[in-house]
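What follows is a single structure, written as structure tokens, with notes after it.
As written, the chain order gives the labels A, B, C and D, with residue 1 at the start of each chain.
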Amino acid sequence: MPKTIRDPIHGNIVIPDWCVKIIDTHQFQRLRRIKQLGFASLVYPGANHTRFEHSIGVMHITLKLVKKMDCSEKERKECVAAALLHDIAHAPFSHSSEYFLKKYLRFRHENFYPVVKGSAIEDILKEEGLSLSKISKLIEGVSLISGDIDADRMDYLVRDSHYTGVAYGVFDIMRLIDGITFRGVEPIISYRAIRAAESLLLSRFMMYPTVYHHHVCRIARKMYERALEFCVEEGQLNPRDLLKMDDYDIVSFLRSVGGYAGEIMKRIDERKLFKRAIYISRCRVPGRIDAKKAEKEISESAGVDVEKVIVDVPEEEDAREFKALVEVDGMLKKLEEISPLISILKSAEKKSLMLGVYTTEEYVDKVAKAALRFFGIREIVQKRLDEILR
Amino acid sequence: MPKTIRDPIHGNIVIPDWCVKIIDTHQFQRLRRIKQLGFASLVYPGANHTRFEHSIGVMHITLKLVKKMDCSEKERKECVAAALLHDIAHAPFSHSSEYFLKKYLRFRHENFYPVVKGSAIEDILKEEGLSLSKISKLIEGVSLISGDIDADRMDYLVRDSHYTGVAYGVFDIMRLIDGITFRGVEPIISYRAIRAAESLLLSRFMMYPTVYHHHVCRIARKMYERALEFCVEEGQLNPRDLLKMDDYDIVSFLRSVGGYAGEIMKRIDERKLFKRAIYISRCRVPGRIDAKKAEKEISESAGVDVEKVIVDVPEEEDAREFKALVEVDGMLKKLEEISPLISILKSAEKKSLMLGVYTTEEYVDKVAKAALRFFGIREIVQKRLDEILR
Amino acid sequence: MPKTIRDPIHGNIVIPDWCVKIIDTHQFQRLRRIKQLGFASLVYPGANHTRFEHSIGVMHITLKLVKKMDCSEKERKECVAAALLHDIAHAPFSHSSEYFLKKYLRFRHENFYPVVKGSAIEDILKEEGLSLSKISKLIEGVSLISGDIDADRMDYLVRDSHYTGVAYGVFDIMRLIDGITFRGVEPIISYRAIRAAESLLLSRFMMYPTVYHHHVCRIARKMYERALEFCVEEGQLNPRDLLKMDDYDIVSFLRSVGGYAGEIMKRIDERKLFKRAIYISRCRVPGRIDAKKAEKEISESAGVDVEKVIVDVPEEEDAREFKALVEVDGMLKKLEEISPLISILKSAEKKSLMLGVYTTEEYVDKVAKAALRFFGIREIVQKRLDEILR
Amino acid sequence: MPKTIRDPIHGNIVIPDWCVKIIDTHQFQRLRRIKQLGFASLVYPGANHTRFEHSIGVMHITLKLVKKMDCSEKERKECVAAALLHDIAHAPFSHSSEYFLKKYLRFRHENFYPVVKGSAIEDILKEEGLSLSKISKLIEGVSLISGDIDADRMDYLVRDSHYTGVAYGVFDIMRLIDGITFRGVEPIISYRAIRAAESLLLSRFMMYPTVYHHHVCRIARKMYERALEFCVEEGQLNPRDLLKMDDYDIVSFLRSVGGYAGEIMKRIDERKLFKRAIYISRCRVPGRIDAKKAEKEISESAGVDVEKVIVDVPEEEDAREFKALVEVDGMLKKLEEISPLISILKSAEKKSLMLGVYTTEEYVDKVAKAALRFFGIREIVQKRLDEILR
């Protein structure tokens, strides 16, 4: 029987019968207990929403979009399944566990195969005659789910805005959905929806420094990563277990494990986080940076235990283009060719990436000096921390 | 230094310096990890908000209201402290732990004394020259915090609406705040704000069956209560410890404890909840009901293990009046004297209370028959469960 | 071709082809220039919305509801036509012209026949094979359009809230629409939507004194009525012409006509309105009141020109019941039988009706005394005007 | 006495006593009857809001901002007066009359002197000891009211979004207001509010093609301009009178004047607007364009009466820079130096300007051909009108 769920973003969401079955599995229910924005609630107290409601929201948007596809009912259902399951492989605190999984397991949250294979979800998909490998490919590659203008972003920007209270994520979702057509499974943006498409990408750009890369979120995330790494190196944690855990599991594990990791968890619980020693534009330090080496040298030079120094080098994403296609005068063009704003977005994003060195409150000055020396920056030009603190 | 927090309900909230200090204690930070609505997220997936943001919201509203009080600055601060701390003694999953605390400790969440006494919070309050016993009294008794038209409700109705997506909690909060004046610490509603005051009480009335007493919330809560009781009786849990725990602690405790309690927790995690066997208006069964006795007799008569039967008798609140005062033509009158709607609200509330008997899916029919027999109800008049669901 | 319109309330509204044709007629376009709430913008500056968007909103809701009707496609279309056209016969400033039309033409805005008969709209309806007389009957009588829980109210409460900024009109429209089924064309409220239905009626109750009957709206409306009457009696205006006019026509007519009517219009333009001399609960003066007689006697007794005195006696609506039907346990019951709140709403409404005597600023005191004498009220108990003034 | 007004955007707005006096003058009350967005309600039926509420909104934001200025109370009040009065000289349908006033009177709506001089408003300002010439200068020149990041835009973007239902205008107004400080009367954007400032300018960029320059708005506006010009040339209208008129005056004048102008007004009333013959990027036709000459030649070449052809050449704004100042590391920099997005905004704006040739429905094809010939464009590359509509 289809089921209706009340969602603060999309209102009443009607869930098809076969999706209800997937949602009812314990693998999917686990998403109820994985925070969408990891530790963002330490900055935005309302940000306690989960991958569960987000996944259902993406399914809802996808259901609307696939109606416009010229394809078989089976293909449509595979897209909907991909939407519903695109985050099934998230580990505790979502992206906060990602670096860790990548390092130890070469695993990204898009690799839904290992999580779904052999589970009740696989059975349900088979019953519906849907192909696991097809869904897997859709999650990793299809523009509808993981393109520039995709159902995933359409949901999370509005949703994250609702819960954080930050207005940036609000864009014209109705106009955008109305303005998308398809060539096969490839979404095409109609000319009249260009502003809506730009708006989505700009929203994302605005949300990055304000929410997703807010320095407090980064600090908490880096502390958490450090605690996990420590536990693995001490043989206390098998990286593979993380994939089955939820936020409750990992929090209680870290609380109980004691030692360095326990101390870090206590700091997160009590919001006694590391502070910024330096916080500068990534552009100011050209070239690759080996964070581990930087941590070692800065801590030595500052005379501070290396466990108390974190160097946060934001990942430079691969030279990526905005490949979303727009139909203009009957021809297909890349959005970034048509839109001056989008064409500059890449460099704008790069410019807004920040490099941070964090340490405990008492060592901020010492570590700041050592870090500036290490990165070869003469003047201390960054604003005093307390001034720029939100 | 005062601090600004972004709140999805009230926008930017400026927090006075001395309140920042209270918020920074680990006792207060614990509220970040106590869900405002307990298990309501099992019905409304967005309802993951916490006592932390609610407490700050109530402080925010109170800061606006105390400006109108004709009293000393110290008294004003005591009201604000009471607002900020009114939920400090909440145990995991908020009200879901309340019955348990009452049974074993005769403790209500308004008893902030035992939690605050001897803590860093006490020190901060003393530093500010504020009286602990005064604040304690304010929390339990003052209309501003715990009256009919109080800052607590003004916050939670709008907040719970925002996160559940249910529109009922929206009322005219600006008009209400504007329309309140004070005699001492007693709020007086001005005539022009009567509709706003009615509206708040009606919102609350609407939210009860829809959210707070939604049968799925009741079922999860009752299952959780049962698991806690079981652990106490087996000597696995000291009731007193609950006051220091957060949601993470109790979830991981119940997961790890195994046995009956562990099974219940697994059911909650996987949303394999008990189902309604019967669900009828409380009014249809006059007189006191001993739930424990009913559980025992119904389960025996149905031939089902008593651990699988829950009888949920909603507490009839003490004959309570709406005592909020309104100024009409220079005289003070009770709101319920002036407002026909409010005068009938008590009986309307009573009429909407539901009595439920819950059991596992496979025993629904057996238990339903036994329960109807037990309560002396001849015809099965309740709608089929799946029809009235949600 | 169907057309999409952006509506601030319902988002993108898709309008069926045949409705687009109706909307494109000049009779319907006239609604663009008739303010939904008459003179309410004098109190709520945002309230400039029109019958045009409201009519389309009601059509939108009706399109959703008729899908659930078990009837022919033709009958469905007749319901939609009735929704779209239910306000086509509104005269300038909507309800502000209603008393006037009733007095001179025994005409109510529900009488859509005289306006539509012989117009392009009639042709379009005939082309679609729809019956004019059937639509006419639906507008006046069918619960879907003019019942207690109807599409008209569902639209105007939320819409009026949006534009006035008053929160009262917000109710759970999604839950209500979801919870309505039909027996023929009669809407039946399902048990789980009772709170939503109550909520709609309570919203309406709240909006009355706050917006629709706000004393400033009443004063402006009464002044406007007076100006119209004066013009008819002087032979300057044919009442029948009003049906073809829009707000622009009548305003420019009154501005140009000079004399008493011109003066009144100038007062409205400059917001130099009459003031309240007395403003008391209608209940305090039992029995029928002849407003014209009261105006004459009060003005004489006060020594004030009768043109400067307005007595506003709210119409007591016919003893009306809430007839909306609810399905409980398979049986149909009236909402007011089941809901204590709704059962008391009638008397609550009556109690909130206000009787006002208005005059120009300089005569307020004189007229107040005379009015109190006339109505036999000894003590001046009403609050000072400026105190209760919004 | 201060007064509170309910505004759908900012909630309860408290208006200082002396501002109430200004608002109560008939000059200011006239703004109640001047639509903020001219003919935009022909596209967005909700866009009936007026300069009245916008002016009060700008006053409200300015009241918040001036608190942060380090200047005398008098200077602060002058800023507030400038905010409240910045649109007092708007003629009917706001910007729709602007080209006309510029052509005949060399008048821009910022020239508040001629309207206020000798009026009751002047008296009130003098009573308060405020300087008319100072206020005049502030309106035309101060960044707070007419800069890039000013109180005017902060209000109208959000307000226009609320009434049109288009989401683009929503930006983070709270964060922006919080992040502005002052050097004298010059607003400085703090580093942490850069995203909010960018967001405001991007919102404006998005709103232009979607709302302000929507082709239907342009067409109606151009038709209205044409009707006004015609009346002046026929000696039926004195341009100077426009400054005292409101929307009602000019509509009823055009309706009554008959002839060509009357016909145009009828077309607007009945929404039988001219259609697009061609609609191409302004960039495709380099150099200055003389619209009058183009109209003459295109109509002749098409064999269509010149009165039925409108050439709409968007004004290229003077090479303008974004001069808003940002404080970075203690230094002041221009926003466009720091923000890649803003640096490209100028060229993006230029690229989105559209050149239109409009005519009545029956001549669209003829005029399209003639226009393409006139502008030397060989291929018809624009999309079919009905495809790109809305």
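Here is the rule we go by: a contact is a pair of C-beta atoms (placed from the backbone, for glycine too) under 8 Å apart; a residue touches a chain by one contact, two chains touch by 3 or more.
This is a predicted model, so every value here is computed, not measured.
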Greatest separation from subunit B - chain, by CA centre: D
Contact-richer chain pair (by C-beta pairs counted) among B-D and B-C: B-C
Whole-Å gap separating subunit B and subunit D, where each centre is the average of the chain's CA atoms: 50
Subunit A-subunit B separation of Cα centroids, rounded to whole Å: 33
Centroid distance [mean C-alpha coordinates] between subunit C and subunit B, Å: 40
Residues within subunit A bordering two or more other chains: 4, 11, 166, 175, 390
Subunit B partner contacts - residues on subunit C that touch it in the complex: 166-168, 170-173, 175, 191-192, 195, 198-199, 202, 205-206, 209-210, 329-330, 339-341, 343-345, 347-348, 351, 381-383, 388, 390
Complex contact set, residues of subunit C against subunit A: 4, 11-12, 174-175, 178
Residue ranges of subunit C in contact with subunit D within the complex: 1, 3-9, 11, 24, 26, 29-30, 32-33, 41-42, 44-46, 48-50, 52-53, 56, 162-166, 247-249, 251-252, 255, 269-271, 386, 390
